[in-house]
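Below: a set of structures, written as structure tokens.
Two complexes follow with chain A in common, the first pairing it with chain B and the second with chain C.
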Partner chain A sequence: MNRFALPALIVALMGLPLIVHDAYFLHVMVVIGINVVMAVSLWLLGITGLISFGQAGFMFIGAMTTALLTKNLHWSFWIALPLSAAISGLVAAPVGRLSLRVKGVYFFLVTLAFGQVVVGVFAYFENPFGGWYGIRNIPPPQPAVLFGTLDKRAFYYLSLGLVLVTCWIIYRVSRSWFGDVLWSIREGDVLASSIGMDVPGSKLIAFIVSAFFAGAAGSLYASYFGYISPLVFTFEYSVNILVFVVVGGFASMAGPIVGAVVLTTVPELFRVTGKYQTMAFGLILVFSMLAMPQGIIGAWQRFTDRRAGRPIERQSEG
Partner chain B sequence: MPLFEVQNLTRKFGGLVAVNDVSLSIESGEIRGLIGPNGAGKTTFFNLVSGTLAPTSGRVRFDGHDTTRLPMHRLVNRGLVRTFQHAQLFPGFTVLKNVLMGLHVHARSGFWAGLLDTVATQRHNKALEQRARDIIRFVGLAGHEEDLAGSLPHGYKRILQVAIGLAPKPRLLLLDEPVAGLNHADVDRMMALVRSLRDEQGVTVVLVEHNIRAVMNVCDRISVLQFGRKIAEGSPRDVAQDKTVIEAYLGVADDDEAA
Partner chain C sequence: MNATMLMQTIASGLVMGLIYMLIALGVTLLFGIMRVVNFVHGELVMLSAFAVYFMTTAAGLPFFVALALAAVASSVVAVFCQYALFSPLQYDILNCFIVGIGASFAIRSASWAIFGPEPIAIASTLPGVLNIGGVFIAKQRLLAAVLCAGLAILLAVFLRYTRHGKAMRAVEQDREAALLMGVNPTSVYVTAFVISAVLAAVGGAMLGTLFGVDPEMGAEPILKSFIIVQIGGMGSLLGTVIAGLFIGLTDSITGTLLGGELAFIFDFSILMLILIVRPRGLFGYDA
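What follows is the complex of A and B.
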């Protein structure tokens, strides 16, 4: 990619609300932002070779923390946001310790169970978690003049800010030596530990960081929608996030971003078709998996490689 | 004092005693061969002393310290590295990146180091690249730095494995069947490499090998395992003439199963 492309894209995204005022459009953009943060957080775990189905659980923990802190304790959202992320990361430490003892499909089952346990616990205790009814009237961030109105622009910038911070941090980590350790574990964990890499420790850090950002996304969700319930952070949502990453492609961080953007936008385009919306989504999914098994980014790389006459390779650099 | 000492090492899998009361000691600068028929417990022995598998009983001492139950990644810091029987490398990385990752213990590799990514960290890790190139040249893979490891011919893959194992600067390198499946020319090249590891890099080497010719040529001393027990030890010449060893490999008239 051209080195001006990324700054230009960021400037364009920042200027967008100045041109487009449509509330529905901005709403979709906020949701895309939340989904991008979720997808990128899951991708960090993915480059370690781990697939988690419990990401919505960590998001729920972050959302619940923000809901309780801002509504019941009247804390500021700006304190609740980092705290929600931190608590989600804190919960991830023991959960990761236990679940990372197993590999492959067993890890997938343990994380799936974790997601269900979170939903179960929050649904069971009506006080303070609101039970199946969830929690409503979660206050928006301060100042209320900006966030408390029907104008979505403040939330658009908040969401964009969270996306940029998340992507910047995870990109840096993924490109560092620590990121290379994660890639190495995916390539061959036995060899990785034989050259001195702390495989369980590195996996645990990736798991915690991943949960941290899922918690942050949950926090934003809670304050944006003002309503959370166990029916939102379901197993289905965890699967959706994974689908974003798989359809986008694992090879680079652009994958989960593109995946989340495309797969959040496309169903919106089909909203007019009413009950056929999910069907259209499903068809696109099947088609993209058949046509682009390496994801959208993988297909794009193949395309540019072929045009540049380079041999087609698997992902190599981190 | 020996560099590496194993005392009464035993490992049981249920009723099977895979390694049975094996003791050996290896001096610094030695090239030691570990041979034995299939199922003799050679690879299990390697797994036990390299922290891959916990022994049922017995002790392992490396450089004067008890390392019996240390996990593999901690042993690397102390200077003990092993390679694996089946070409273990990072197939999706380039040759250079493979060796570079072998330098992991010398890198600033933590999560926070990566997040902060200071100039000092960048410079430190960048400097390792030169060392990786030196190692690649030393093992004779110069010119292949940018090739994908997974696409190398088999002989080069095995050499790359040794290069990765050499990267952490071990004092003791355990090679698990480094010439398995190689042709004559590649075997000779590997054996020359093993010898130069000792002569030029000062690395003590233990190799498990099926290829008797290779072992006889390169090793100073050879230990022979059969059914988990050490049945002989000595110079290649002594071992080759040892009656129990010949029986273990060729079998005796009334015991074909042992062959």
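What follows is the complex of A and C.
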């Protein structure tokens, strides 16, 4: 990608609502934004070789924090947003400390169970979590002139802002010295620890940062939709996020972004909903694992390599 | 809670524990032999229950004939998954898990589309209630318990005393060494998938008679199986049996005292506790 492409894309995204006023289009863009934040947060775990199946659980914690703070305590959304992310990260610390004691598929299963427990706890206690009915009428952010109307442009910019901040921070992290530690843990954690890298500590930090951004996405979700319930942040949703990342590819951060954008847009285009969407996601997951194990980005890189006549010797994604 | 009620709770907990144990045994067997965590297992439970339901009501077959046919069908699906999904991925544990989830979602939502949401139940084969010293147990539950326990014992005998069972244990202990001794790993893999599918079929039929049949019914047993297998130690049959009974009992007791939703949270707390003191599980291999 040449160096003007990214700034041009950002400027285009910023100018978009000036040209397109369609509320439905902007709604889809906000949903894409939430999904991109979730996918990128999961990708950070992915480059450490970990995959969490409880990411929707952390999102739910963030959404619930925002719902309770803004609705019951009448706090401002702008305080609730960072606080929700922080509380999600705070919960991730002990959960990560324990679940990271196990590796590979064992870690999958523990995070999977964790996501179910978050749903279970919030569904069990009707006061204050609303039980299975969830919480409705969550107030939108201040000022009400911008966010309280049916005009989605303010939420579009809020969502875009969150996406840009998240992507920028996680990109910087993945390219930093700490990011190198994470990549090397993925390649082999015994080797990484043998040259003095703090494997458990780095994994834990990645887990907490990932949960932090999932909580922020949840906070945006709660204030945008105004309604949250245990039926939203299910295991299916965790898997959808994973599908974004797997279909997009782990190789670079463009992977989860492309995956989230494509897989949020395509079902909207065909208006497939409910159970058929679950079926479509299941099949997409199976076929992309079998046919495109390195995702869209991996396939694209191989394609450009071949066109440029470069030998194909990218490291395989495990 | 008085003594009779406690006994009642323990009895129904043991029955549930035995069914969960049977389903979890399939999961742990596959993990022990080829290091695959088969997420489709829960859908085999569900599909078998539907198969038994349709064969008993629509075709009017006797229950056990229907169960045998459902077990065959379940095995076919399992072996198909093995050849279509797990074998192309070289049984890589992480990729197989992800693909399994995809397949499981596809099967589950296809079942919603085909079978619809109406609650149905497999007709009881043994109506009536048994009174053992003031504790009432439906004969159907007793049948389920006996069937599950019997199959678990049969599996243990098969693995210990038959030639094929020994070959399976050999592959489990050391795949390369078993290969050198002339064991055919492909046939061992297929056998393992067939056995686990049969266990899932029986578990599904039992759950279907006791609690009804619906497309979502595979979800809870598979999650419970994962918790059971992890508490007992992945790949350890003994651990699975003990953890299965234990989870069945605690579920029943917490369910009676505090309500069903807390039971799962309690299970998870036990799992976390096990991870703190013994990450590999009670009888597991290295974590």
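Note that in this section the second predicted complex is superposed on the first by the 294 of 318 C-alpha atoms of A that agree within 3 Å, B and C clash if a C-alpha of one lies under 4 Å from a C-alpha of the other, contacts with A are read in each partner's own complex, and residues count from 1 in each chain.
Note that in this section contacts are C-beta pairs under 8 Å (C-beta built on N, C-alpha and C of every residue); 3 or more make two chains touch, one makes a residue touch a chain.
Just so it is clear, the structure is predicted and the values come from calculations on it, not from any experiment.
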Exercise for the section: Would you check which partner chain A:V209 touches, where first means chain B only, second means chain C only, and both and neither mean what they say? Expected result: first
Practice task
Quick one: classify A:M197 as touching chain B (first), chain C (second), both or neither.
Solution key: first
Exercise for the section: Counting touched residues of chain A, say whether chain B or chain C comes out ahead. Expected result: C
Practice task
For A:L290, decide between first (touching chain B), second (touching chain C), both and neither.
Solution key: second
Problem - Partner chain in contact with A:L98 - chain B first, chain C second, else both or neither - result: second
Practice task
Would you sort A:L146 into first (chain B), second (chain C), both or neither based on which partner it touches?
Solution key: neither
Problem - Which of chain B and chain C A:F178 touches, first, second, both or neither - result: first
Practice task
Based on the superposed arrangement, let me know which partner A:Q116 touches: chain B (first), chain C (second), both, or neither?
Solution key: second
Completion exercise
Overlap of the chain B and chain C interfaces on chain A comprises residues none
Exercise for the section: Would you tell me which residues of chain C are touching chain A in their complex? Expected result: 37, 85, 88-89, 92-95, 97-99, 101-110, 112-113, 223, 226-227, 230, 234, 259, 261-262, 264-265, 268, 271-272, 275-276, 279, 287
Fill in the blank from the handout: Seen from chain A, its contact residues with chain B in the complex are 169, 172-173, 175-181, 183-184, 187-188, 190-199, 205, 209, 313-317
Practice task
Spell out the part of chain B that touches chain A in their complex, as residue ranges.
Solution key: 50, 71-73, 76-77, 81-84, 88-94, 97, 101-102, 104-105, 107-111, 113-115, 117, 125, 148, 150, 164-165, 167-168
Handout entry: chain C-facing residues of chain A, complex
Key = 51, 98-99, 101-106, 108-110, 112-114, 116-117, 120-121, 123-124, 236, 239, 242-243, 246, 275-276, 278-279, 281-286, 289-290, 293, 318
